[in-house]
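Next up: the structures, one after another.
Shared chain: chain A. Partners: chain B in the first complex, chain C in the second.
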Partner chain A sequence: MLLHTVNKSPFEKGSLDTCLRLAKQGSTILLIEDAVYAAMQGTVIESKISEAMKRYSVYALQSDLKARGLDEDRLLNGIKVVDYGGFVDLVAEHDTVQSWF
Partner chain B sequence: MADETMEEGGNPTGVVKKFMYVNRRAPYGTVYPLEGLEVVLIGAAFEQDVSMAFVDDGVYQLKKGQDTAETGMKNFSPAYRALEMYDVEKLYAEKESLEARGLTQDDLLVSVEVLSTAELTELMEQQDVILNY
Partner chain C sequence: MKFGIVVNEGPYTHQAADTAYQFTKAALEKGHEIVRVFFYHDGVNNGTRLTTPPQDERNIVKRWSELAQQHKLDLVVCVAAAQRRGIVDRDEAKRHGKDADNIAAGFRISGLGQLIEAGVLADRLVAFGD
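Take a look at the complex of A and B:
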(Lines of atoms letter the chains of each structure in order from A and count residues from 1; the text may use other names and numbers.)
(Lines give C-alpha, C1' and ligand atoms only; values in the text may rest on other atoms or scores of the structure.)
Protein backbone atom coordinates (compact mmCIF):
# COMPACT_ATOMS: atom_id res chain seq x y z
CA MET A 1 0.00 0.00 0.00
CA LEU A 2 1.24 3.46 -0.88
CA LEU A 3 1.75 6.52 1.22
CA HIS A 4 0.33 9.49 -0.67
CA THR A 5 1.55 12.97 0.15
CA VAL A 6 -0.34 16.03 -1.10
CA ASN A 7 1.04 19.58 -0.78
CA LYS A 8 -1.31 21.85 -2.78
CA SER A 9 -4.33 23.78 -1.57
CA PRO A 10 -7.53 21.90 -2.44
CA PHE A 11 -9.12 25.26 -3.34
CA GLU A 12 -6.50 26.18 -5.93
CA LYS A 13 -5.30 22.93 -7.48
CA GLY A 14 -6.71 19.50 -8.30
CA SER A 15 -3.88 17.49 -6.69
CA LEU A 16 -5.96 16.23 -3.79
CA ASP A 17 -8.90 15.35 -6.07
CA THR A 18 -6.61 13.33 -8.32
CA CYS A 19 -5.09 11.60 -5.32
CA LEU A 20 -8.56 10.72 -3.98
CA ARG A 21 -9.57 9.41 -7.40
CA LEU A 22 -6.54 7.15 -7.86
CA ALA A 23 -5.50 6.05 -4.36
CA LYS A 24 -6.41 2.48 -3.48
CA GLN A 25 -8.87 1.97 -0.64
CA GLY A 26 -7.04 1.57 2.65
CA SER A 27 -4.14 3.80 1.59
CA THR A 28 -2.62 6.44 3.82
CA ILE A 29 -2.78 10.10 2.77
CA LEU A 30 -0.57 12.71 4.41
CA LEU A 31 -1.52 16.36 3.94
CA ILE A 32 1.47 18.71 4.00
CA GLU A 33 2.13 22.39 3.19
CA ASP A 34 -0.96 24.06 1.64
CA ALA A 35 -2.86 20.76 1.52
CA VAL A 36 -3.39 20.98 5.30
CA TYR A 37 -6.20 23.49 4.60
CA ALA A 38 -8.23 20.45 3.44
CA ALA A 39 -8.25 19.12 7.01
CA MET A 40 -10.30 22.00 8.44
CA GLN A 41 -13.93 21.92 9.52
CA GLY A 42 -16.47 24.18 7.89
CA THR A 43 -15.05 24.39 4.38
CA VAL A 44 -16.94 23.74 1.15
CA ILE A 45 -15.00 20.50 0.72
CA GLU A 46 -15.69 19.20 4.23
CA SER A 47 -18.10 16.48 3.10
CA LYS A 48 -15.74 15.28 0.38
CA ILE A 49 -12.89 14.89 2.87
CA SER A 50 -15.15 13.24 5.45
CA GLU A 51 -16.25 10.77 2.76
CA ALA A 52 -12.62 10.11 1.83
CA MET A 53 -11.77 9.32 5.45
CA LYS A 54 -14.04 6.27 5.25
CA ARG A 55 -11.69 4.83 2.61
CA TYR A 56 -8.33 6.23 3.66
CA SER A 57 -6.29 6.97 6.72
CA VAL A 58 -5.71 10.74 6.60
CA TYR A 59 -2.90 12.58 8.39
CA ALA A 60 -1.89 16.25 8.56
CA LEU A 61 1.59 17.59 9.32
CA GLN A 62 1.60 19.52 12.60
CA SER A 63 4.27 22.09 11.71
CA ASP A 64 2.37 23.09 8.55
CA LEU A 65 -0.88 23.44 10.50
CA LYS A 66 0.88 25.69 13.02
CA ALA A 67 2.57 27.79 10.34
CA ARG A 68 -0.85 28.55 8.85
CA GLY A 69 -2.52 29.28 12.18
CA LEU A 70 -4.84 26.26 11.98
CA ASP A 71 -5.96 25.01 15.41
CA GLU A 72 -5.99 21.27 15.88
CA ASP A 73 -9.37 21.52 17.61
CA ARG A 74 -10.88 22.77 14.33
CA LEU A 75 -9.74 19.78 12.28
CA LEU A 76 -12.25 17.31 10.89
CA ASN A 77 -12.91 14.36 13.19
CA GLY A 78 -10.59 11.50 12.33
CA ILE A 79 -7.70 13.53 10.95
CA LYS A 80 -4.51 12.33 12.61
CA VAL A 81 -1.80 14.89 13.32
CA VAL A 82 1.87 13.92 12.98
CA ASP A 83 5.10 15.79 13.63
CA TYR A 84 8.25 15.44 11.49
CA GLY A 85 9.16 12.23 13.37
CA GLY A 86 5.72 10.82 12.56
CA PHE A 87 6.23 11.78 8.90
CA VAL A 88 9.44 9.73 8.88
CA ASP A 89 7.64 6.80 10.52
CA LEU A 90 4.91 6.87 7.85
CA VAL A 91 7.52 6.85 5.09
CA ALA A 92 9.35 3.96 6.76
CA GLU A 93 6.13 1.96 7.18
CA HIS A 94 5.26 2.16 3.48
CA ASP A 95 7.16 0.62 0.58
CA THR A 96 6.53 3.53 -1.77
CA VAL A 97 5.60 7.19 -1.50
CA GLN A 98 3.51 8.85 -4.16
CA SER A 99 3.98 12.61 -4.04
CA TRP A 100 1.11 14.60 -5.53
CA PHE A 101 2.83 17.94 -5.89
CA MET B 1 17.27 64.65 -9.09
CA ALA B 2 14.94 61.95 -10.30
CA ASP B 3 17.07 59.39 -8.50
CA GLU B 4 16.82 61.29 -5.24
CA THR B 5 13.08 61.40 -5.56
CA MET B 6 12.95 57.65 -6.09
CA GLU B 7 15.06 57.03 -3.00
CA GLU B 8 13.11 59.30 -0.75
CA GLY B 9 9.63 58.42 -1.92
CA GLY B 10 7.07 61.15 -1.50
CA ASN B 11 4.88 62.33 -4.32
CA PRO B 12 6.44 65.35 -6.08
CA THR B 13 4.00 65.21 -9.01
CA GLY B 14 0.94 65.36 -6.77
CA VAL B 15 -0.83 62.76 -8.91
CA VAL B 16 -2.73 60.27 -6.81
CA LYS B 17 -3.91 57.07 -8.45
CA LYS B 18 -6.05 54.33 -7.04
CA PHE B 19 -3.90 51.21 -6.63
CA MET B 20 -5.41 47.87 -5.69
CA TYR B 21 -3.31 44.86 -4.76
CA VAL B 22 -5.25 41.63 -5.16
CA ASN B 23 -3.97 38.77 -3.01
CA ARG B 24 -5.18 35.35 -4.08
CA ARG B 25 -2.73 32.81 -2.68
CA ALA B 26 -2.09 31.04 0.61
CA PRO B 27 0.84 32.51 2.54
CA TYR B 28 3.61 29.88 2.50
CA GLY B 29 3.06 27.58 -0.49
CA THR B 30 4.52 30.13 -2.90
CA VAL B 31 6.54 33.32 -2.54
CA TYR B 32 3.85 35.51 -4.18
CA PRO B 33 2.18 36.74 -0.96
CA LEU B 34 5.45 37.82 0.65
CA GLU B 35 6.66 39.50 -2.55
CA GLY B 36 3.30 41.22 -2.96
CA LEU B 37 3.38 42.50 0.59
CA GLU B 38 6.84 43.95 0.01
CA VAL B 39 5.63 45.75 -3.10
CA VAL B 40 2.77 47.25 -1.09
CA LEU B 41 5.14 48.49 1.61
CA ILE B 42 7.56 49.97 -0.94
CA GLY B 43 4.71 51.51 -2.93
CA ALA B 44 3.28 53.07 0.23
CA ALA B 45 6.19 55.55 0.21
CA PHE B 46 4.74 57.20 -2.91
CA GLU B 47 1.55 58.45 -1.27
CA GLN B 48 -0.97 56.81 -3.53
CA ASP B 49 -4.52 55.70 -2.77
CA VAL B 50 -3.76 52.07 -1.92
CA SER B 51 -6.13 49.23 -1.13
CA MET B 52 -5.61 45.50 -0.69
CA ALA B 53 -8.17 42.85 -1.55
CA PHE B 54 -7.97 39.29 -0.22
CA VAL B 55 -9.65 36.73 -2.44
CA ASP B 56 -9.61 32.91 -2.74
CA ASP B 57 -6.73 31.41 -0.72
CA GLY B 58 -5.47 34.97 -0.19
CA VAL B 59 -7.76 35.22 2.84
CA TYR B 60 -5.48 32.66 4.55
CA GLN B 61 -2.73 35.30 4.60
CA LEU B 62 -4.71 37.06 7.33
CA LYS B 63 -5.35 33.99 9.51
CA LYS B 64 -4.61 34.58 13.18
CA GLY B 65 -2.08 32.51 15.10
CA GLN B 66 0.48 31.73 12.40
CA ASP B 67 3.61 30.15 13.91
CA THR B 68 6.27 29.13 11.41
CA ALA B 69 9.03 28.33 13.94
CA GLU B 70 9.13 24.60 13.17
CA THR B 71 9.18 25.08 9.41
CA GLY B 72 12.14 27.45 9.25
CA MET B 73 10.12 29.94 7.17
CA LYS B 74 9.64 33.60 7.95
CA ASN B 75 6.31 34.42 9.59
CA PHE B 76 5.40 37.64 7.79
CA SER B 77 1.83 37.83 9.08
CA PRO B 78 2.63 40.51 11.73
CA ALA B 79 3.44 42.86 8.83
CA TYR B 80 -0.27 43.05 7.93
CA ARG B 81 -0.87 44.73 11.27
CA ALA B 82 1.81 47.30 10.44
CA LEU B 83 0.14 48.34 7.16
CA GLU B 84 -1.84 51.00 8.98
CA MET B 85 1.41 52.80 9.85
CA TYR B 86 2.15 53.01 6.13
CA ASP B 87 -1.28 54.53 5.52
CA VAL B 88 -2.50 51.33 3.89
CA GLU B 89 -5.83 51.24 5.65
CA LYS B 90 -8.24 49.91 3.05
CA LEU B 91 -8.27 46.15 3.46
CA TYR B 92 -11.04 44.10 1.89
CA ALA B 93 -11.85 40.39 2.05
CA GLU B 94 -14.35 38.67 -0.19
CA LYS B 95 -17.21 37.17 1.82
CA GLU B 96 -17.57 34.17 -0.46
CA SER B 97 -13.86 33.30 -0.11
CA LEU B 98 -14.05 33.42 3.69
CA GLU B 99 -17.22 31.32 3.80
CA ALA B 100 -15.84 28.65 1.44
CA ARG B 101 -13.00 28.16 3.90
CA GLY B 102 -15.06 28.18 7.09
CA LEU B 103 -13.54 31.48 8.21
CA THR B 104 -15.10 34.55 9.80
CA GLN B 105 -13.76 37.99 10.68
CA ASP B 106 -12.86 36.62 14.13
CA ASP B 107 -10.26 34.39 12.47
CA LEU B 108 -8.40 37.35 10.98
CA LEU B 109 -5.46 39.20 12.54
CA VAL B 110 -6.49 42.61 11.20
CA SER B 111 -9.88 44.17 10.78
CA VAL B 112 -11.02 44.14 7.19
CA GLU B 113 -14.12 45.24 5.37
CA VAL B 114 -15.91 42.13 4.15
CA LEU B 115 -17.37 42.63 0.67
CA SER B 116 -19.60 40.49 -1.49
CA THR B 117 -18.33 39.42 -4.90
CA ALA B 118 -20.53 42.06 -6.54
CA GLU B 119 -19.22 44.81 -4.26
CA LEU B 120 -15.63 43.80 -4.97
CA THR B 121 -16.32 43.82 -8.69
CA GLU B 122 -17.50 47.43 -8.41
CA LEU B 123 -14.48 48.42 -6.34
CA MET B 124 -12.12 46.92 -8.92
CA GLU B 125 -13.86 48.93 -11.65
CA GLN B 126 -12.93 52.13 -9.80
CA GLN B 127 -9.17 51.42 -9.75
CA ASP B 128 -6.48 53.00 -11.94
CA VAL B 129 -3.97 50.22 -11.34
CA ILE B 130 -4.56 46.62 -10.26
CA LEU B 131 -1.72 44.27 -9.33
CA ASN B 132 -2.25 40.56 -8.69
CA TYR B 133 -0.17 38.45 -6.32
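Take a look at the complex of A and C:
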Protein backbone atom coordinates (compact mmCIF):
# COMPACT_ATOMS: atom_id res chain seq x y z
CA MET A 1 0.00 0.00 0.00
CA LEU A 2 1.08 3.55 -0.64
CA LEU A 3 1.96 6.29 1.79
CA HIS A 4 1.09 9.72 0.40
CA THR A 5 2.70 12.80 1.89
CA VAL A 6 1.20 16.24 1.26
CA ASN A 7 3.08 19.41 2.24
CA LYS A 8 0.95 22.29 0.95
CA SER A 9 -1.98 24.01 2.59
CA PRO A 10 -5.28 23.01 0.95
CA PHE A 11 -6.13 26.72 0.99
CA GLU A 12 -3.09 27.56 -1.11
CA LYS A 13 -2.57 24.74 -3.59
CA GLY A 14 -4.43 21.75 -5.03
CA SER A 15 -1.95 19.06 -3.97
CA LEU A 16 -4.22 17.56 -1.31
CA ASP A 17 -7.16 17.57 -3.74
CA THR A 18 -5.04 15.76 -6.34
CA CYS A 19 -3.90 13.26 -3.74
CA LEU A 20 -7.48 12.58 -2.60
CA ARG A 21 -8.60 12.18 -6.20
CA LEU A 22 -5.91 9.64 -7.08
CA ALA A 23 -5.11 7.74 -3.88
CA LYS A 24 -6.55 4.25 -3.68
CA GLN A 25 -8.91 3.35 -0.88
CA GLY A 26 -6.98 2.03 2.11
CA SER A 27 -3.94 4.23 1.46
CA THR A 28 -2.33 6.29 4.17
CA ILE A 29 -2.00 10.07 3.92
CA LEU A 30 0.49 11.99 6.03
CA LEU A 31 -0.02 15.76 6.27
CA ILE A 32 3.24 17.65 6.78
CA GLU A 33 4.37 21.30 6.70
CA ASP A 34 1.46 23.60 5.69
CA ALA A 35 -0.78 20.63 4.83
CA VAL A 36 -1.42 20.13 8.56
CA TYR A 37 -4.04 22.92 8.33
CA ALA A 38 -6.25 20.36 6.56
CA ALA A 39 -6.43 18.34 9.79
CA MET A 40 -8.19 21.06 11.78
CA GLN A 41 -11.82 21.24 12.84
CA GLY A 42 -13.99 24.08 11.60
CA THR A 43 -12.35 24.76 8.25
CA VAL A 44 -14.31 25.06 4.99
CA ILE A 45 -12.94 21.68 3.92
CA GLU A 46 -13.79 19.89 7.17
CA SER A 47 -16.52 17.74 5.61
CA LYS A 48 -14.30 16.82 2.65
CA ILE A 49 -11.54 15.61 4.98
CA SER A 50 -13.98 13.77 7.25
CA GLU A 51 -15.38 12.06 4.16
CA ALA A 52 -11.86 11.17 2.97
CA MET A 53 -11.08 9.62 6.34
CA LYS A 54 -13.62 6.88 5.59
CA ARG A 55 -11.32 5.78 2.75
CA TYR A 56 -7.86 6.59 4.09
CA SER A 57 -5.87 6.64 7.31
CA VAL A 58 -4.84 10.24 7.85
CA TYR A 59 -1.87 11.35 9.95
CA ALA A 60 -0.44 14.78 10.78
CA LEU A 61 3.16 15.60 11.73
CA GLN A 62 3.33 16.79 15.33
CA SER A 63 6.16 19.31 15.01
CA ASP A 64 4.44 21.03 12.09
CA LEU A 65 1.19 21.33 14.09
CA LYS A 66 3.17 22.79 16.99
CA ALA A 67 5.12 25.19 14.76
CA ARG A 68 1.80 26.67 13.63
CA GLY A 69 0.22 26.78 17.07
CA LEU A 70 -2.38 24.20 16.10
CA ASP A 71 -3.75 22.48 19.18
CA GLU A 72 -4.08 18.71 18.91
CA ASP A 73 -7.43 19.01 20.73
CA ARG A 74 -8.81 20.84 17.70
CA LEU A 75 -7.94 18.12 15.19
CA LEU A 76 -10.68 16.32 13.31
CA ASN A 77 -11.75 13.10 14.95
CA GLY A 78 -9.64 10.18 13.78
CA ILE A 79 -6.55 12.13 12.70
CA LYS A 80 -3.48 10.42 14.12
CA VAL A 81 -0.46 12.45 15.20
CA VAL A 82 3.12 11.24 14.62
CA ASP A 83 6.56 12.67 15.34
CA TYR A 84 9.50 12.34 12.92
CA GLY A 85 10.20 8.83 14.23
CA GLY A 86 6.59 7.96 13.43
CA PHE A 87 7.03 9.46 9.95
CA VAL A 88 10.03 7.14 9.42
CA ASP A 89 7.99 4.17 10.65
CA LEU A 90 5.14 5.00 8.24
CA VAL A 91 7.62 5.09 5.34
CA ALA A 92 9.05 1.73 6.41
CA GLU A 93 5.60 0.15 6.80
CA HIS A 94 4.42 1.14 3.31
CA ASP A 95 5.79 -0.21 0.02
CA THR A 96 6.14 3.15 -1.70
CA VAL A 97 5.99 6.83 -0.80
CA GLN A 98 4.33 9.34 -3.08
CA SER A 99 5.07 12.98 -2.24
CA TRP A 100 2.54 15.59 -3.36
CA PHE A 101 3.95 19.12 -3.51
CA MET B 1 15.96 -0.65 5.99
CA LYS B 2 17.68 1.36 3.26
CA PHE B 3 16.37 4.83 2.50
CA GLY B 4 17.14 7.16 -0.39
CA ILE B 5 16.35 10.85 0.09
CA VAL B 6 15.67 13.42 -2.66
CA VAL B 7 15.76 17.13 -1.86
CA ASN B 8 14.25 19.40 -4.52
CA GLU B 9 14.03 22.64 -2.56
CA GLY B 10 16.72 25.11 -1.54
CA PRO B 11 17.49 26.11 2.04
CA TYR B 12 15.57 28.99 3.65
CA THR B 13 12.89 28.75 0.98
CA HIS B 14 9.87 27.09 2.45
CA GLN B 15 10.29 24.07 4.67
CA ALA B 16 11.28 21.05 2.57
CA ALA B 17 15.04 21.31 3.20
CA ASP B 18 14.32 21.28 6.94
CA THR B 19 11.83 18.41 6.71
CA ALA B 20 14.29 16.37 4.63
CA TYR B 21 17.01 16.92 7.22
CA GLN B 22 14.76 16.06 10.18
CA PHE B 23 13.51 12.94 8.41
CA THR B 24 17.05 11.81 7.53
CA LYS B 25 18.18 12.36 11.12
CA ALA B 26 15.19 10.46 12.54
CA ALA B 27 15.77 7.56 10.14
CA LEU B 28 19.42 7.33 11.23
CA GLU B 29 18.40 7.48 14.89
CA LYS B 30 16.08 4.53 14.26
CA GLY B 31 18.99 2.53 12.85
CA HIS B 32 18.05 2.77 9.18
CA GLU B 33 20.66 3.22 6.49
CA ILE B 34 20.65 6.27 4.22
CA VAL B 35 22.11 5.10 0.92
CA ARG B 36 22.25 8.60 -0.55
CA VAL B 37 20.79 12.08 -0.29
CA PHE B 38 20.34 13.47 -3.78
CA PHE B 39 19.98 17.23 -4.23
CA TYR B 40 18.12 18.20 -7.37
CA HIS B 41 16.62 21.40 -8.86
CA ASP B 42 16.87 24.26 -6.30
CA GLY B 43 17.88 21.62 -3.76
CA VAL B 44 21.47 21.98 -4.98
CA ASN B 45 21.63 25.27 -3.03
CA ASN B 46 21.84 23.14 0.13
CA GLY B 47 25.42 22.41 -0.94
CA THR B 48 27.20 25.79 -1.05
CA ARG B 49 29.63 26.45 1.79
CA LEU B 50 29.35 30.22 1.18
CA THR B 51 25.96 30.24 2.92
CA THR B 52 26.30 32.54 5.94
CA PRO B 53 23.09 32.79 7.98
CA PRO B 54 22.98 34.92 11.16
CA GLN B 55 24.85 33.17 13.97
CA ASP B 56 21.76 32.56 16.11
CA GLU B 57 19.95 30.88 13.21
CA ARG B 58 20.14 27.28 12.05
CA ASN B 59 22.81 26.71 9.43
CA ILE B 60 21.13 24.34 7.00
CA VAL B 61 24.23 23.69 4.89
CA LYS B 62 26.52 23.10 7.88
CA ARG B 63 23.89 20.83 9.42
CA TRP B 64 23.99 18.57 6.33
CA SER B 65 27.82 18.58 6.32
CA GLU B 66 27.93 17.61 10.00
CA LEU B 67 25.35 14.85 9.59
CA ALA B 68 27.32 13.54 6.59
CA GLN B 69 30.49 13.48 8.62
CA GLN B 70 28.90 11.74 11.59
CA HIS B 71 27.18 9.05 9.54
CA LYS B 72 29.38 8.89 6.43
CA LEU B 73 26.45 10.00 4.27
CA ASP B 74 26.73 10.31 0.51
CA LEU B 75 25.41 13.79 -0.33
CA VAL B 76 25.18 14.14 -4.10
CA VAL B 77 24.42 17.35 -5.96
CA CYS B 78 23.05 17.09 -9.52
CA VAL B 79 25.70 18.50 -11.86
CA ALA B 80 23.38 20.15 -14.40
CA ALA B 81 21.16 21.73 -11.75
CA ALA B 82 24.32 22.84 -9.89
CA GLN B 83 25.94 24.49 -12.92
CA ARG B 84 22.83 26.52 -13.61
CA ARG B 85 22.81 27.78 -10.03
CA GLY B 86 26.55 28.35 -9.61
CA ILE B 87 27.43 25.42 -7.36
CA VAL B 88 30.87 24.10 -8.38
CA ASP B 89 33.61 21.89 -6.98
CA ARG B 90 37.29 22.33 -7.82
CA ASP B 91 37.12 20.24 -11.01
CA GLU B 92 33.99 21.95 -12.32
CA ALA B 93 35.42 25.38 -11.51
CA LYS B 94 38.56 24.54 -13.47
CA ARG B 95 36.65 23.09 -16.41
CA HIS B 96 34.49 26.17 -16.74
CA GLY B 97 37.22 28.72 -16.00
CA LYS B 98 35.71 29.96 -12.71
CA ASP B 99 37.87 31.74 -10.14
CA ALA B 100 36.59 29.73 -7.16
CA ASP B 101 34.60 26.72 -6.07
CA ASN B 102 31.95 26.65 -3.37
CA ILE B 103 30.85 23.06 -2.74
CA ALA B 104 30.33 22.42 0.98
CA ALA B 105 32.13 19.72 2.97
CA GLY B 106 30.58 16.29 2.58
CA PHE B 107 28.87 17.09 -0.72
CA ARG B 108 29.98 15.84 -4.13
CA ILE B 109 28.81 16.71 -7.63
CA SER B 110 27.57 13.94 -9.89
CA GLY B 111 24.84 13.07 -12.36
CA LEU B 112 21.24 11.90 -12.43
CA GLY B 113 22.47 8.31 -12.64
CA GLN B 114 23.16 8.63 -8.92
CA LEU B 115 19.47 9.32 -8.31
CA ILE B 116 18.45 6.28 -10.34
CA GLU B 117 21.01 4.17 -8.50
CA ALA B 118 19.73 5.42 -5.14
CA GLY B 119 16.24 4.35 -6.22
CA VAL B 120 17.53 0.90 -7.11
CA LEU B 121 19.67 0.45 -3.98
CA ALA B 122 17.15 1.82 -1.49
CA ASP B 123 14.08 0.04 -0.16
CA ARG B 124 12.29 3.40 0.00
CA LEU B 125 12.89 6.63 -1.89
CA VAL B 126 11.40 9.69 -0.21
CA ALA B 127 11.23 13.06 -1.96
CA PHE B 128 11.01 16.46 -0.29
CA GLY B 129 10.26 19.56 -2.30
CA ASP B 130 8.19 22.61 -2.99
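Note that the second predicted complex is superposed on the first by the 101 of 101 C-alpha atoms of A that agree within 3 Å, B and C clash if a C-alpha of one lies under 4 Å from a C-alpha of the other, contacts with A are read in each partner's own complex, and residues count from 1 in each chain.
Just so we're on the same page, contacts are C-beta pairs under 8 Å (C-beta built on N, C-alpha and C of every residue); 3 or more make two chains touch, one makes a residue touch a chain.
Remember, it's a predicted structure, so these values are computed and weren't measured experimentally.
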For this session: Give one of first, second, both or neither to describe whether A:Asn7 is in contact with chain B, with chain C, with both, or with none.
Result: both
Problem set entry | Broader residue contact with chain A after superposition on the shared chain, chain B or chain C | B
For this session: Using the touch definition from the top, say if A:Asp71 reaches chain B (first), chain C (second), both or neither.
Result: first
Exercise. Just chain B (first), just chain C (second), both, or neither: which does A:Gly42 touch?
Worked result: first
Exercise. Does the superposition put A:Phe101 against chain B (first), chain C (second), both, or neither?
Worked result: second
Exercise. Touch check for A:Tyr59: first (chain B), second (chain C), both, or neither?
Worked result: neither
For this session: Considering only the touch criterion stated at the top, classify A:Ile32 as touching first (chain B), second (chain C), both, or neither.
Result: second
For this session: Answer with first, second, both or neither: which of chain B and chain C does A:Gly85 touch in the superposed model?
Result: second
Exercise. Which chain A residues come up in both lists, the one for chain B and the one for chain C?
Worked result: 7, 33-34, 63-64, 84
Problem set entry | Residues of chain A touching chain C in the complex | 5, 7, 32-34, 63-64, 83-85, 87-89, 91-92, 96-97, 99, 101
Exercise. Quick one: in the complex, what on chain A touches chain B?
Worked result: 7-9, 11-12, 33-34, 37, 40-44, 46, 62-64, 66-71, 74, 84
Seminar exercise, completed: Counting only contacts in the complex, chain C reaches chain A at residues 1, 3, 8, 14-16, 19, 22-23, 25-27, 29-30, 32, 123-130
Problem set entry | chain A contact footprint on chain B (complex, rising order) | 25-29, 56-57, 60, 63-71, 73, 75, 77, 99-103
